[in-house]
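Next up: the structures, one after another.
The same subunit A turns up in both complexes below, where it pairs with subunit B and then with subunit C.
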Partner chain A sequence: MQLLQTKPIKWLLLVLAWLFIGIVLVLPVGLVLVQAFASGWHTYLTTISSLVTLQAINLTVTATLISIVFNLVFGVSAAWLIAFYDFPGKRLLNALIDLPFSVSPVIAGLIFILTFGRGGWLAPLFSAIHVQIVFAPPAIFLTTVFVTFPFVAREVIPVLEAKGREEEQTAALLGASFSQILWQITFPAIKAPVAGGLVLATARALGEFGAVAVVSGNIQGKTLTLSLLVQNLYNDFKFNEAFAVATILLGSTILVVLLKQRLLKN
Partner chain B sequence: MQQTSKRLIPGYYFSLVITLLGVSLIVLLPFAALVISGWQVGAQQFWQEATNSRVLASYLVSIKGALVAAIINTGFGLLLAWVLTQYEFPGKWLLDSLLDLPFALPTAVAGIALAYLFSDQGWLGRLVVPLGWKISYTFNGIVIAMIFVTLPFVVREIQPVLEQLDFSVQEAAYTLGGGTSTILRRLVLPEILPALVSGFGLVFARCLGEYGSIVFIAGNQPYHTEITPLLIMFKLEAHDYSGATVLALVMLLFSFTFSFIIHSWQRWLLQRKG
Partner chain C sequence: MYIEFKGITKQFQQRQVLNDINFGVKEGSITALLGPSGSGKTTILRILAGLETATKGSVSVAGQVVDELAPQARGIGFGFQNYALFRYLTVYENIAFGLKTQHWPATKIKQRVTELLALTELTALAQHYPQQLSGGQKQRVAFARAIAPHPKVLLLDEPFAALDTQIRRELRSWLKQLIHRVGITSIFVTHDHEEAIETADEIVVINQGAIEQIGAPTTIYNQPTSLFVAQFIGHSSQLLSPNLQGFKLPVRQSFKAYIRPEQVQVFRQNEQPPTTGTLERAFVVNTTFSGAVVSVALKWHGQALMANRSPLQAPLHHGEAVLIFIQQALIFTDGKSELQRNLQPAAAYAL
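Coming up: the complex of A and B.
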């Protein structure tokens, strides 16, 4: 390959690439770390171990776990259905599964306000049984599930379609049961995309901000996720505290990225 | 054969029920609420809400920002993909891994970091003050945030194409005396153009909807630095649900039309390539 392989051009392009990544990626991430510890270790530790932070961690982790379980069950079911059977409306179903990806987070929050909030369709039903959805944890769980909705399905469907249905059909003809086929034939083939999809869903669920901001109502100790806590601290000019809480999210993000690369290698 | 084997594998109704339940509860029901809520607004009020001057200004800010960010990221995305696929250099894996960060980094974290970094006292904002430039709390800040969150899109679209590209044709052209720029334009560009177009489309669409990373850095001044998603947020906080619904429907309509055009363009490019 001689094209653009002369030394000066190669170096010029490399310097440009690193400069760009340095300015828009490395510096912001470095800044989070530096500012988090700007008032010293003591402030940092007090901030990240305060009750508000722990409550925010609790809510964020709960929302993430719910999204993971939903993604696993729904994603594998949808992929099974779409890859193994022919039925009318398959393209429509595919499009509906992808829909949450093409929607602004703010709109994702809005549609749940319109469904469950004051004057929403299902509001009378839930107020009759005294369950509050909007401005309460259930809405945070619902929007988090919504924004992570397609992840596992999107990763598994192409893999399962490429694999084909022959093995499962043969097994069924030979009298294998549903669970035998699922665990012994299908699951080993889709382990990697399932894990990959779950990792992506985890990252998104941990860090979702816009959609959750719309439905949360910002009630301290009750509906603050980590991202919302970061926002509140920042808007109160508690910059170092905001960056301290941000390091929790940054740390989990880096773990997720490393996990994804690990999975891709295997 | 297709007919008889149609539902040979057990679990059809089981997977059908779970899938339909999930899609209905999480996607269909809330979207139906949006459409019905929009319907109830009435045509005349809908038009007024969708076209008042503050709303129009917000469309312009969002579209302009998304366009600038998409152009910049398409350029740098091409550069990064080229560097990562064509050169060997120390730290290559690091560059490649760093590119995954914006996918995973929470938008609020990116938002406060960028706002702080590019403010007049920030590490980078300070440097451009003598030039009379301002980045945070201006339109420039919006573009920076958009560039950050969509950084990997174009790279990850082009990378696999460049990796698979067989450069023997290009090299033959080179030894036959073709200039580098001619070869790039005539032989390399057509190969990567479909991926470039779809990357551009992904960036543009994501930028239009982006909220979290932008609100901290934008300054959020009506008519100047107010993006449409933020205006929706304001309307919701003021309990103006019908106004928020109208803007949401306009945004959805616009982004569906846009992705339809991008898809058609990409399909045409792929067909022409053969």
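Coming up: the complex of A and C.
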């Protein structure tokens, strides 16, 4: 191929790629770090070890862990159901799984307010048992689960569909129990897509802002996730503190992406 | 009968897949379910295995009705078309899988797997993974895995479909010998009549969810009882009311004659003709050399007729006038078939 051996084109593309990455990725990240440490190490450490930050970390990590567990269970079950069984409404279910990807996060948050908030459909039920959903951690968990649940299912369904169900059927005919089939036959085949899906879900759960912002109510020490805390600090003109907290999110995201690279290599 | 299908009917939504299937399978025999794709043959296999439920009817194995039994409780070894080997387990672990799930003691498992590896000539490949195996080796692993827990019945869905022609032939006779040696009652599904004829002891021909004919391979091949079987099994020339000399033909009635190419002898004008029997004139339209035989397309009384000729004999030319002798024909009148041999003494001329 003459075209692909042309040096100028190669260099042009290379420059464009790095220019783009530099402007939209490297530069902003660099500025975040510069800003975070602008008032010195002391301010940085005080900020990220303050009670408010620790509470935000706690809430964010809890929401992320709940999403991961839910994703694993729901994602694998839904994929198994869609790939291995025929039932009426299969296409509808398949389409509905994608819903969180196509709905704006703000709308997602509003859906939960309308459902669980004051005057919402399920509000009487939860107020009767004195459980507050909206403007409390449960709403944060619910919205985070909502915006992340397609990840594992989306990764696993095509892999299972391509694999077919004959191995599972053979194992069943040979007398294997459900858990034997799941762990010895199915799971080894879907390890990679499950891991990939979980990594994406984790990254999204850590950084989710829109949907969470709507249902959070912004109560310091109670319903502030890291993303919300960054915004609050920023709105209060505490730029250095805002960026300091942002470095936590940045670090964890980089960690998760690196983990994904490691997992995919194996 | 060891396996018995009684009035099996299967409906998928509005579609009638199987309609009143009745047949039996002898203990220790190999039965082929032969039919075109979509004929319902695989569904019969799956109903016996418990992977599908019949809408009506009942199946019994060794005198026991199995309809209500879970698939794994039926004592059935099943081989899928694509083998469905467990890709993350070695050959050894694949074969041992069913024994482990049935809680065999470790020493017994080792003994049985070693025995099966030897039987299927896979000992050297015991620690290989399925993706490292050839098609034929995969098929052998699937076979060993299926029979490992001593099932009563072995079911194979299109066991040779995924193989190359050469390996398919080898594996066919290998599998037949092995099944007879092990003595396991087997049923396999195929759309290939040669495969069924070569491998099976008994053939069940299925078309559009119903049984067309049941019989030994020679019977099915030589005496098809329906037009479908006559057309589906082997190759035949179809002639409409031909004036066949030496046959008892229906009078004042149209009929169909099916003539297999190997039942038509072709002689050149200068070749020594047989001493008896009426020879008829035909013209050579085309010849195709296919290794073992020369396939000759003839025109005879305006109708197309195929014949086989040995490649050792003198080649025929296009348009050449030749003499033919038809030894055997299948005559269909009013949906009834009759196999007839030429009443005149057969030509004493061997191909």
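Observations on the model:
Keep this in mind: the second predicted complex is superposed on the first by the 264 of 266 C-alpha atoms of A that agree within 3 Å, B and C clash if a C-alpha of one lies under 4 Å from a C-alpha of the other, contacts with A are read in each partner's own complex, and residues count from 1 in each chain.
Following the convention adopted for this analysis, a contact is a pair of C-beta atoms (placed from the backbone, for glycine too) under 8 Å apart; a residue touches a chain by one contact, two chains touch by 3 or more.
Because the structure is predicted, anything quoted here is derived from the model rather than measured.
Of the two partner chains placed by superposition, subunit B and subunit C are both touched by A:Ala172. Of the two partner chains, subunit C is the only one touched by A:Pro188; subunit B is not.
Contacts of A:Gly164 after superposition on the shared chain: subunit C is touched, whereas subunit B is not.
Within the superposed three-chain model, A:Val134 lies out of touch with both subunit B and subunit C [touch as defined at top]. If you count the residues of subunit A touched by subunit B and by subunit C, you find the higher number for B. In the superposed model, A:Ala63 lies in contact with neither subunit B nor subunit C. With both structures placed on the common chain, the touch criterion links A:Val256 to subunit B but leaves subunit C unconnected. By the touch criterion stated above, A:Pro105 is placed in contact with subunit B alone, subunit C being left untouched. Overlap of the subunit B and subunit C interfaces on subunit A: residues 169, 172-173, 177.
Considering their complex, residues 49-51, 71-72, 76-78, 80, 82, 84-89, 97-98, 101-102, 145, 149 of subunit C touch subunit A. Across the complex, subunit A meets subunit C through its residues 164, 166-167, 169-177, 180, 184-185, 188-189.
The touching residues of subunit B, counted against subunit A in their complex, run 2, 5-12, 14-16, 18-19, 22-23, 26-31, 33-34, 36-37, 76, 79-80, 82-83, 86-87, 89, 95, 97-114, 116-117, 122-124, 144, 147-148, 151, 167, 170-171, 174, 180, 183-184, 188, 205, 208-212, 216, 229-230, 232-233, 236, 241, 244-245, 248, 251-252, 255-256, 259. Residues 1-5, 10, 13-14, 16-18, 20-21, 23-29, 31-32, 35, 70, 73-74, 77-78, 80-81, 84-87, 93, 96-97, 99-100, 102-107, 109-115, 117, 119-122, 142, 145-146, 149, 165, 168-169, 172-173, 177-178, 181-182, 200, 203, 206-210, 213-214, 226-228, 230-231, 234, 239, 242-243, 246, 249-250, 253-254, 256-257, 260-261 of subunit A are the ones that touch subunit B when the two sit in their complex.
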